[in-house]
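Each chain carries a letter (A, B and C) given by its place in the written order, and its residues are counted from 1.
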Amino acid sequence: MIALLLRDLRLATRAGGGFGLGLVFFLIVVVLVPFGVGPETEILSKIAAGILWVAALLAALLSLDRIFALDFEDGALTLIATAPIPLEAVGLAKAIAHWLTTGLALTVAAPVLGVLLQLPSGAYGFVALTLLLGTPALSMIGTFGAALTVGIRRGGLLLSLLVLPLYIPTLIFGAEAVRRGAQGLDATTPLLMLGGITAGAFAMLPFATAAVLRINLR
Amino acid sequence: MLEVRDFAIERSGLPVLSGLNFSVAAGDALILRGPNGIGKTTLLRTLAGLQEPSAGTCTFPPDEGAYASHADGIKTALTVQENLAFWGDVYGNAVPDAIWDWFDLGDLRDRFAGTLSAGQKRRVGLARLGVIGRKVLFLDEPTVSLDGFSVKLFTQFLRDQHLASGGIAVIATHIDLGLDEAETLDLTPFATSVSGATDSDEAFL
Amino acid sequence: MSLWEYANPKKFMGWTGPILPWAFGAAGVCLVTGLIWGFFFTPDDYRQGSTVKIIYLHVPAALMAINAWIMMLVASLIWLIRRHHVSALAAKAAAPVGITMTLIALMTGAIWGQPMWGTYWAWDPRLTSFLILFLFYLGYMALWAAIDDPDTAADLTSVLCMVGSVFALLSRYAVNFWNQGLHQGASLSLDKEENVADVFFFPLLVAIAGFVLLFFALVLLRTRTEIRSRRVRALQLREGRR
């Protein structure tokens, strides 16, 4: 499993690996928002946290279809499936690799981009914290979606359609925690829920991922 | 020892082969023959455990099977060395030094796999079999895009390294590997007749 | 004879054929009775006026929207565990009916919301939950449509239905937490004092029975269609190999 994780990280950072694309997309979305809603500081600072979360979610979505599709096309997935790694571990390794290459980078970048959106000063810590807690769930849910659509030609659009509704609870609790935190309210409940979703996703979805991979490789 | 009893397989819900019985002793190879579409690939995938047989059993020592398809799973952004090392890590083996000679890959070792020709890539894919150290190999058209010299190298590897150390190989191929000691199994008589519909669609007839 | 034998496609076609017209007939009688009774023979609400009468469409549709998903979940589980083809096909057949019910609930809700709340749409938890349910239906149907092999499609959609159910439930709680809304409490419940008055209640029950029967009849009809198209596929495959 570690070998697979290391290989995926290495592949992501090599030429054509797509590492950083998600980050650039994140930056562009954040830059586009003020063009759409206007430059007024008050409006921007009010919606900044939500925009950062939605943009991070879309950026994570962008690289999902690479998770299994490349290995499926060149036959590596079949060979991995017959190798002595349980497919559950394959799903887990893929999700962790995806998080390390996108989620983690987004978490680090979000407070920096918050400056562009006039994020209220109290919210910086919460944005970083909620993304740190929430993006692993996005990667794990996305890995399940990618496994579900791996056998479908041009499954990218379908993948988004399937995965985005699954992202709703994570988004709601993540953005809500920032909103409450920024207003000085108690944000414990949404933070706990966010952590709970991530923990639950990692406990449950590797099995679902393995099940659908088995079906798709039949 | 590989033993297959009363084996029946299907491809996307359609039965293709049935009533297969054969066994391969340690150190032997079996070559599967038959026209396109008879179900050689499906048979190998089923034997390797990627799908369930619709009937029958297939037994071989646990954790000894390995499958190689016509797609190599070679990562173009990794070097040849890195590609093989990955499979070594997955199977918990070191890459044997002799592998570079067996498959004549010494000069290509640090090249990115993306810069290799189709035949060279194929050799790397076959070298994987030397790295993973599995005893029971299911090989699907292993010699596609290999030149005569490379085929000879591969046959040598099979005979001198794999089979000589008590390995088993089941190979689907259209060309003559030069593996004269291997037995041949023609699959044509085992093709399922039209009337034998599968469980899944039979229910609807 | 085990109960499961009724799920054999041939048997299923046999026993559902005669039932179907009765199911449609009963659905029609209940719907006509319930709706006419509800629309024309109940008094106006003292606060909401005659707009309240949309309840006879809104509540049953909303109820069926959720129950259709639950039925799909149960059918998916049966398929995964016992591999009865009819079960998978019934889940497939229920989805378009379910999504239509969701749409009816959403649209009648919007029409009702305009005079009551002064807006067609509010991000109220119940409305939002139904919108999310609508998205889940869309994804489920899109996955069915995208896969050629029927058994693979049945397997994958079943897993999606199970995972989706967990996340749909989670979304429901998340949405409640996110916004306490305008929507009134449940109109129907067994233990609550604030149940709707009997004059509204009985025609509503009849309308609900009508929707349940209509759902049953439509799913039956669609399942039969799915079985027939699988049969066509099986015959074509057999011909193709001869």
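In the analysis below, contacts are C-beta pairs under 8 Å (C-beta built on N, C-alpha and C of every residue); 3 or more make two chains touch, one makes a residue touch a chain.
Please read these numbers as outputs of a predicted model, since none were measured by experiment.
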Between B-C and A-B, name the chain pair that shares the greater number of C-beta pairs in contact.
A-B
Would you mind checking which chain's C-alpha centre is most distant from the centre of subunit B?
C
Mind having a look at which chain is the central one, using mean CA positions?
A
Rounded Å distance between subunit A and subunit C, as computed from the means of their C-alpha atoms
32
Euclidean distance of C-alpha centroids - subunit B vs subunit C, Å
49
Distance between chain centroids, defined by C-alpha means - subunit A, subunit B (Å):
37
Return the residues of subunit A touching two or more other chains; collapse runs of consecutive numbers into ranges.
218
Touching two or more other chains in subunit C are residues 152
In the complex with subunit B, residue positions of subunit C that touch it:
8-10, 85, 149-152, 227, 230-231, 233-235, 237-238, 241-242
Residue set of subunit B touching subunit A in the complex reads 48-51, 63, 65-75, 77-78, 82, 86-87, 89-92, 128, 132
In their shared complex, at which residues does subunit A touch subunit B?
2-4, 6-7, 10-11, 14-17, 71, 73-85, 217-218
Which stretch or stretches of subunit B touch subunit C in the complex?
12-14, 194, 197, 200-205
Which residues of subunit A touch subunit C in their complex?
141, 144, 148-149, 151-152, 155, 158, 161-162, 164-166, 168-169, 172-173, 176, 189-190, 193, 197, 204-205, 208, 211-212, 215-216, 218
